[in-house]
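Each chain gets a letter, A, B, C and D, in the order it is written, and its residues are counted from 1.
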Amino acid sequence: MPALDKVLNDIADTMAKETRRGKVADYIPQLAKVDPARFGIAVVTNDGETFTAGDADEPFSIQSISKVFTLTMALGLVGDSLWKRVGREPSGNPFNSIVQLEREQGVPRNPFINAGALVVTDVVLSQHQPREALGQILHFLRFLAGDESIVVDRAVARSETETGFRNIALANYMKAFGNLEHDPDKTLGVYFHQCAVAMSCRQLAMAGRFLAADGRNPETGGRVVSSQRARRINALMLTCGHYDGSGDFAFHVGIPGKSGVGGGILAVVPGKASIAVWSPGLNQVGNSQLGAIALERLARTMGWSVFGP
Amino acid sequence: MPALDKVLNDIADTMAKETRRGKVADYIPQLAKVDPARFGIAVVTNDGETFTAGDADEPFSIQSISKVFTLTMALGLVGDSLWKRVGREPSGNPFNSIVQLEREQGVPRNPFINAGALVVTDVVLSQHQPREALGQILHFLRFLAGDESIVVDRAVARSETETGFRNIALANYMKAFGNLEHDPDKTLGVYFHQCAVAMSCRQLAMAGRFLAADGRNPETGGRVVSSQRARRINALMLTCGHYDGSGDFAFHVGIPGKSGVGGGILAVVPGKASIAVWSPGLNQVGNSQLGAIALERLARTMGWSVFGP
Amino acid sequence: MPALDKVLNDIADTMAKETRRGKVADYIPQLAKVDPARFGIAVVTNDGETFTAGDADEPFSIQSISKVFTLTMALGLVGDSLWKRVGREPSGNPFNSIVQLEREQGVPRNPFINAGALVVTDVVLSQHQPREALGQILHFLRFLAGDESIVVDRAVARSETETGFRNIALANYMKAFGNLEHDPDKTLGVYFHQCAVAMSCRQLAMAGRFLAADGRNPETGGRVVSSQRARRINALMLTCGHYDGSGDFAFHVGIPGKSGVGGGILAVVPGKASIAVWSPGLNQVGNSQLGAIALERLARTMGWSVFGP
Amino acid sequence: MPALDKVLNDIADTMAKETRRGKVADYIPQLAKVDPARFGIAVVTNDGETFTAGDADEPFSIQSISKVFTLTMALGLVGDSLWKRVGREPSGNPFNSIVQLEREQGVPRNPFINAGALVVTDVVLSQHQPREALGQILHFLRFLAGDESIVVDRAVARSETETGFRNIALANYMKAFGNLEHDPDKTLGVYFHQCAVAMSCRQLAMAGRFLAADGRNPETGGRVVSSQRARRINALMLTCGHYDGSGDFAFHVGIPGKSGVGGGILAVVPGKASIAVWSPGLNQVGNSQLGAIALERLARTMGWSVFGP
């Protein structure tokens, strides 16, 4: 097996020279300010070693990657009854998902499209006030990453709140179908803030360890979720983690992953490692362009794939 | 690890008692005649052992499972240029796929929906006459399974040809967009016959061995396809192999699989085993109802999952 | 020509006995309280006579019928530039229109579906505050009807505001595409109130006179809109005035009309008469069931149709 | 009222100078050969006068205009039971209609989209052989136009048969839903030939007289269809006669009309006149570009509109 530190440095070097870097998300004004030249990557192996390259300690907006963690929390709260309110199928929709919301009566296709994540947040909100729910999400992220310094980027949160008309539409649309328990504004408030959490590649890879370790914290051996639940979350990441590019990511990279429009991707090699990569430019379906290429290269070099022996 | 023969027998016994068996496909008159009480299962491990239970030697119509093998052939013929004509994303469509054909200008979402498989067959047809192309498909299946007795069920083929209006529509629709090279009737002729191939669970599990063995025939060590190609076909099976139930199958069973409306499912445990199961009754999205349940039970009992260590 | 008073009384008598009266709209709680047994009809001819039968002086919630009047106002404000923001085609959608909003980038198909009417209201709002804009709408309705007693039903307006999640979704969705100038809450505020205007059949028929009289107030001869504009509004009512039942209404009744979920329909016989009918029960596509039947009978008896000599 | 001969000559002169003439249909190779500079117009008034200008005696392919006449025949054969198999609503679909066929289980939205016209032709075919059915269609057209010289353009018919994959798809798709009685190839054979009928503006305007004269042949006074049926066919032309440009045609021209991709439009002024116009270039939604403009000008000049007095 090649030495991970060398592999990561090679990848970071190659990515630094890449000129086709995709397009930084501009629909959230605050995200549009991020420098497209940034690139970071971090790998935390199940035996506890951490390898990084590039801007691996620079915090970025995790955006939709937060959905993996709120899903984990919601399953902890209500178990499989969550699936009455959210599906488990890829959306298969190049546009976005409001079409299917209409056709499927307000039940989002999966927890990783925006509509589905709003339902998940609605569950996490449960009886709490938005501020407390957000506190619990932060608490969970800090616990998983073993890092108390993780915070919400208030400027990003404000920017999302002011310009998130599409998400406001989705939330109200589901409310019309009775698939949102709380006042849409409350659920949206928590959602906009969870997306605005800032984490570095190192922190994110640490937070993802339980998915690589069949549900346990590999450091302490403590169980975060059951083995079955960890596997199922991985399955959802593989089939639905990259919107309408999920099939392509599975085809090229071959491991579960979840992307965010901040340019981050969390990826999981079951039994081996948790990976986070960050490059702000996005491809046409809204996933980090260089992030996916870097992961494909890393997986191929290391022989990591869930589809081979 | 539990003994496979005992596990399979337990599963077959449980399935025999199951009363909710789904609904046998009736849109092809010949398929509607199959006894819903049948159940068979076969596992071929990478170290060459075969285990079976129930009606594992009874041939059934493989239908869409044939798409895995014609895809393998087409990739052998034209390589990655195939992907200009077919996508690699789940269709995410509860109805069927003609909607997306229209929206996406005649390019099917993936090679495992009917439209995509027709394009694949159009490639396999290449310069040949339909009869020769069909001969090559049979030849490939017999080679993979190591069994010269595999044949087309002519009654089923005739039944499909006479009632396959929807597939005729799909083929002509793609022809209108220029995404079919041959006369639609020719491509359809081969397609209807490849779907009408009859195989037993044992034969099917044998034919799938190269996908469990990273592209090699585990018996001879001979390479069927490259390691990368085998992994990619597995990835496509996982994300697209069960129509609009693919996410659910990944979630519950956790291994790549391809179903057919004849009630069969071919499933692959990379590095470990090739599996075929058969139960004619289908669930609401058109996949074998007991087949999926049996595979979920088998995978859980054996600890087989691509999403865990 | 039969005597109108007798014709209307016959129709009202027949409708009183009708047992299949449709279903009163229940998604706005306040509307659900209306007695389904009510029926009223009023005809104002171009030579100034008024005929009524049944509950013709009972105010009801005009709902979407208000869209005809705000469209007239918006065209007065911005002329044909309105059509950059709204289409003029039937939506042809049995579900509702958010699907097409997505496909057509936030431009509603016509001004009579909810999304289109929201854009129209956004134009009427122009530089004003919601309260003033609503005042102008009321002023215009009172002027057209020659009746200062027309008011907003505050209980209905409040009920709509509290439960109008679907409209909130539509407004925010269009805002995301840049097709709403104002804060969605402001536009929605005016919209919910315009829909909650209460008018009787008599008042409504009076307000519609200018459409029957080629743009003039037939009483005073004063021009309300140009002849061309009146004809075009009639054309839009004919092709789009009854949602996905517009074709059927044109087929059976044969004159332009606009329905509202309060159970009212405003219909126009160009050159002859303005008609309003009210029966709270709705058919499957959301139009007054007995209202349409009454209009069909009236039109046939009187020989009124735009499709014959 | 202006003199019609002068009005038509003015229009023809203006159209001759127009440089933006749209795009001649090229998906049927034979149609692509037509000279885009051609323009003809003919008006037959209810009192029996005929006025023409330009290439009014040049035969062109009537294409979808034939649907008006086969609809009239089918209603004569099976009456209102036709509406169990075809709807009466605008399709509202910018792409084409196969999407709605899927959603609405093989029942086309109206008789003027291709799918609906195929069902209508399937009815006309009834117990006959294709050749006889086509003979009856020709017979009916000759009778209406009072002109025995009307024939099918065999080259166009052959061209359509060889390249009509989309129509083949539609027919087979409906057959799959059980909404085609005959072998799709037979229905398609008649359909391709009815579309290939060649008629001049003069012949077409003559053939449309019964729709302008409330169902009668204005020359003989003989009844072709009932007054109600004539009005209903006009209503369908107005709401559905120009595909997804029907609303716009009603808005700008204000009278019922049916277009064909050969560049012809048949239009009806109830009680006054039957009009045919021809200019081969099509606009973006597939209707004759100059044809619609010429009709708008003619209607405005003459004060013809169903939406005014």
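Heads up, the rule we're going with is that a residue touches a chain if its C-beta (ideal position, glycine included) is under 8 Å from a C-beta of that chain, and two chains touch if they have at least 3 such contacts.
By chain, UniProt protein names: A, B, C, D = Glutaminase.
As the structure is a prediction and not an experimental result, all values here were calculated from the model.
Between subunit A and subunit D, the least number of touching-chain steps is 2.
Of all chains, the one whose mean C-alpha position sits at the greatest distance from that of subunit C is B. In terms of their C-alpha centroids, the spacing between subunit A and subunit C amounts to 47 Å.
Work out the mean CA point of subunit A and of subunit B, and you get 32 Å between them.
For this pair, subunit B with subunit C, the centres built from the Cα atoms lie 55 Å apart.
Counting partner chains per residue, subunit C shows two or more touched chains at residues 103.
Chain pairs that touch one another, listed by label: A-B, A-C, B-D, C-D.
On the subunit C side of its complex with subunit A, the touching residues are 95-96, 98-99, 102-103, 165-166, 168-173, 175-176, 184. Only residues 46, 87-94, 100, 103-104, 109-110, 213-214, 227, 230-232, 234-236, 238-240, 244-248, 250-251, 254, 256, 270-272, 305-309 of subunit D touch subunit C when the two sit together in their complex.
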